[in-house]
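Multiple structures are listed underneath, in structure tokens.
One chain, subunit A, links the two complexes that follow: it is found with subunit B in the first and with subunit C in the second.
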Partner chain A sequence: MKKLIPQLVLGIESSCDETGIALYHQQDGLLAHALYTQAAMHSEYGGVVPELASRDHVRRALPLIRQTLDQADRQLADLDAIAYTRGPGLAGALLVGTSVACALGYALDIPVLGIHHLEGHLLSPLLADPAPALPFVALLVSGGHTQLMRVDGVGQYTLLGETLDDAAGEAFDKSAKLLGLGYPGGPELAKLAEHGDAARFKLPRPMLHSGDLDFSFSGLKTAVLTLTKQHEMTDSTRADIAAAAQAAIVDVLVGKAQAALKQTGLKQLVIAGGVGANRLLRSQLDAAAVRKGVRVFYPALEFCTDNGAMIAFAGAMRLRQQAPQDGYAFAIKPRWDLQQIG
Partner chain B sequence: MNLPDEAATIALGARLARALRPGLVVWLRGDLGAGKTTLVRALLHGLGHQGRVKSPTYTLIEPYQAGGLELRHFDLYRFQDESEWEAAGFRDEFDGHNICLVEWPEMAQGLVPEADVEIGLQIVPHGRAARLRAYSEAGKRCLNAL
Partner chain C sequence: MRLLALETSTEYCSVALWQDGALTSRCELVGQKHSELLMPMLDSVLREAGVKLGELDGIAFGSGPGSFTGVRIACGVTQGLALGAGLPVVGICTLLALAEAAGQDKVIAALDARMGEIYHAAYAKRDDAWLTVVEPNLCKAEDAPMVTGEGWHGSGSGFAAHENALAVRYAGQLASSDGTAIPQAAAIARLAAPLLVAGAGMDAALAAPFYLRDKVALTTAERLARGATA
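Up next is the complex of A and B:
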């Protein structure tokens, strides 16, 4: 007979490129976590887009689970529940995590629970120390996402705004590609921008004054493209364009984040996602925060990008207040609106 | 076909929407910023899709249901490994029923089913140029319906 609230929760994340596994204990917190990625983890920030070959979740999931258990000095038999990413994401990738979770749950006779990938990201700041208090505004910026959310509690999320086309990390990566920095080259673009003059070229700040909290970065890519065609690509010109692109992306992110705080009246801003490591973004957010008397939280990068800890943690939080799913049927949701989960 | 501005790309997308039939495979070729995703967005809106059409560069595939049709918007820019085709379930999406709109098909050459229709978008001094070609009977019917 299992305890009423499952204590030791295994988390499995496999929604896109990364396979992440973690163990979270209701009392003792995060015990261990492991991530399999071929992305250069030393890279300054993401839009982290590892090689697709790395998305081989089938072969990685079980060894990673073993490794995580070993790290925490636990055994499969110690598990009380399993949380897995049910969606949104790539169907094939989701199916692996889901089937591993359900099969393991069935074999061990413990409950399983499907978690919304973005809920993991939104709650993961609570794993950090210092952690923000609820409620807070979260700016989720990565290669795949650009969203502003209001977080009031577990299952209480309000979408304030999101990108209409490209994600901010994608704007970094694609601008980098246009400047000949390879793909994904967001971190290289930031590095190049350090030597550039952001004032030489004026790039648009898409939707900065649109009056809502949505983003659009596709046009910026086109503007960068136009600049690269109009000018001879000397080293200094490339650096100037990189600086202009970074300044435009950061201005929009900072402007919209501030607008979200103003609109909600909240005083805490959490930055999640790989782009959150960008230095210019951090310095501008911090400067704006001082002016407005708000506090900005930057969770450690390992919890910003896709990881298993956030799924284990979100699962543990949910299992405190709700029953696990009934049975072990696989029902992935490649498309899943966060507003629907409640 | 000349597309002097984004409005022209959007108009082409809306016209294409009406010419699509189940099972059609459409390849979209063109450089970064050529307007491939813009065209797909217009096409989906033309079919009555109300929501957003985000770039699938990160997710590689975005599914849509619109106008009574099942559509799959692929972006294979990040595709690198052959085994991925099977592992990610992409093969199953080309089932003769789904309309598959594929950006960067050249990244998965030999794996992506041949195009019924290929749309090449090129950046020209004043806007974009689109070149539409049919490679099958179904593709010809689609382009004739334009």
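Up next is the complex of A and C:
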């Protein structure tokens, strides 16, 4: 007998360079999760090599599924549904998690459901304790995305603004590269910036006062490039440029997030995506929140970047209110607008 | 002994069910739609035979060489099915599958590997078993490893894409060739059956693609060594 709402959901994420697996239970919450990150492998190449990412997912998926089940002391037979990342992301990488998920669902005769990767990120703060109440404003800042969203419920997302060119994470990564730092550059740049003087160089705050909620970060890397050419790259100068770049990106993110709260009249701000790990961003958001009487929620650091928990969770939330996919045929969506999912 | 075989390494998608020597199979030209068609296809093959996944003794798949993404679809589906149903898996080389399906005893198998290269191997049948004469390799058609003797049959898309180069390379040695031959699940099933009987099936997590082309990108250090900028 199948229960009406699937209780125990296996989540599978493989959209980019991390294989994430998790088990979420409707009543008991997150039971276990495991992550394998390929960052070390790709760093030798200076960025993610899609074909190598796909090859690694094939090696990791099953061992991680078993590890997650073991951690939670559950059997495959206990699973009630499988949620997997259907897109957006790298096609080859998405196909690995998707094919394993759909075939496993078929073999176990349980429903499967494809999840939008960004929905996973958007909802991941709800996994935390305390969790924000709906509705809230979400600032999604990752390697591929920079968006402000109004979230009224699962599947009820209104885009308030987004980047017109580079994502915030990309701005961190590209600036880091210009400073000769490794990949992924965001955390490295943040570390270098700790020793720098953010006031020595003044970088532009693109679109900070544009009056809308959109972003533009591509000019920043040009400004950073110019600085690296104008000055001798001593250790302290590099640190000062890093600090200036970080300050510029963070200022814009904080300014726009506040503007979004003002425009919507909402009092809760949720941060999602890898850049949400940035300490300066967190401290400036917190300081601004105190001034304006709003609350800021961050997902646990481990759930800021790609992970399986957010996919298991988003799957569990969706299965409370909608039917799973019809059958086990699969079609990934490497490009997929969050606005389209509803 | 029952086994299910999957093959998605070319623009065809095929599924075969082996039941003690009796084969039912399906093969369709699907382009790049393997992901949408493989599951329904295997489901209907099983249904029509009235066989449940749990009644199988193993899953076999065409492990490559071939389209990277295609091979990973068969591999991922094999992993998922085998994990869920607790079955052993067998990966079969697509070049050997070409030999098996050729109906000849001496086969040079060649698949178009793009970028001016072919996936290549040569096999000879002795006492109903295949001997590997030339190990699977990636090469330019004009540099394909030599074989000895005459009466060879050429099989696979490599003989269409590089017809002339291979004809020159094996002048006097090729008795026939078929550039339209494709690796199919039926041949995979025939090759996998004795392996499963012999207990050579592996754990689901060990199902792995056989790419042959392993250098797919240059590291930063390699690019710098070639004089590019980081």
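Throughout what follows, the second predicted complex is superposed on the first by the 324 of 342 C-alpha atoms of A that agree within 3 Å, B and C clash if a C-alpha of one lies under 4 Å from a C-alpha of the other, contacts with A are read in each partner's own complex, and residues count from 1 in each chain.
We adopt the following convention: contacts are C-beta pairs under 8 Å (C-beta built on N, C-alpha and C of every residue); 3 or more make two chains touch, one makes a residue touch a chain.
This one's a predicted model, so the numbers in the text were calculated from it and none came from an experiment.
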Partner chain(s) touched by A:Gln263 [first = subunit B, second = subunit C, both, neither]: neither
First (subunit B), second (subunit C), both or neither touched by A:Ala91: both
Touching partner for A:Gln71 - first (subunit B), second (subunit C), both, neither: neither
Touching partner for A:Thr163 - first (subunit B), second (subunit C), both, neither: first
Which superposed partner A:Val58 touches (first subunit B, second subunit C, both, neither): both
Subunit B versus subunit C as contact partner of A:Arg335, first or second or both or neither: first
Which superposed partner A:Tyr106 touches (first subunit B, second subunit C, both, neither): second
Touching partner for A:Ser216 - first (subunit B), second (subunit C), both, neither: neither
Shared contact residues on subunit A - subunit B and subunit C: 49, 51-52, 55, 58, 91-92, 95, 177
Contact footprint of subunit A on subunit C as seen in their complex: 35-40, 43, 53, 68-69, 72-73, 75-85, 204-205, 208-209, 211, 216-221, 223, 230
Complex contact set, residues of subunit A against subunit C: 44-46, 49, 51-52, 54-55, 58-59, 61-63, 65-66, 76, 91-92, 95-96, 98-108, 177, 327-332
Complex contact set, residues of subunit B against subunit A: 32-33, 37-38, 41, 52-55, 57-63, 77-81, 83-84, 87-90, 123
Residues on subunit A engaged by subunit B in the complex (per definition of touch): 16, 49, 51-53, 55-58, 89-93, 95, 143-145, 162-167, 169-170, 174, 177-178, 183, 218, 221-222, 224-225, 229, 334-335
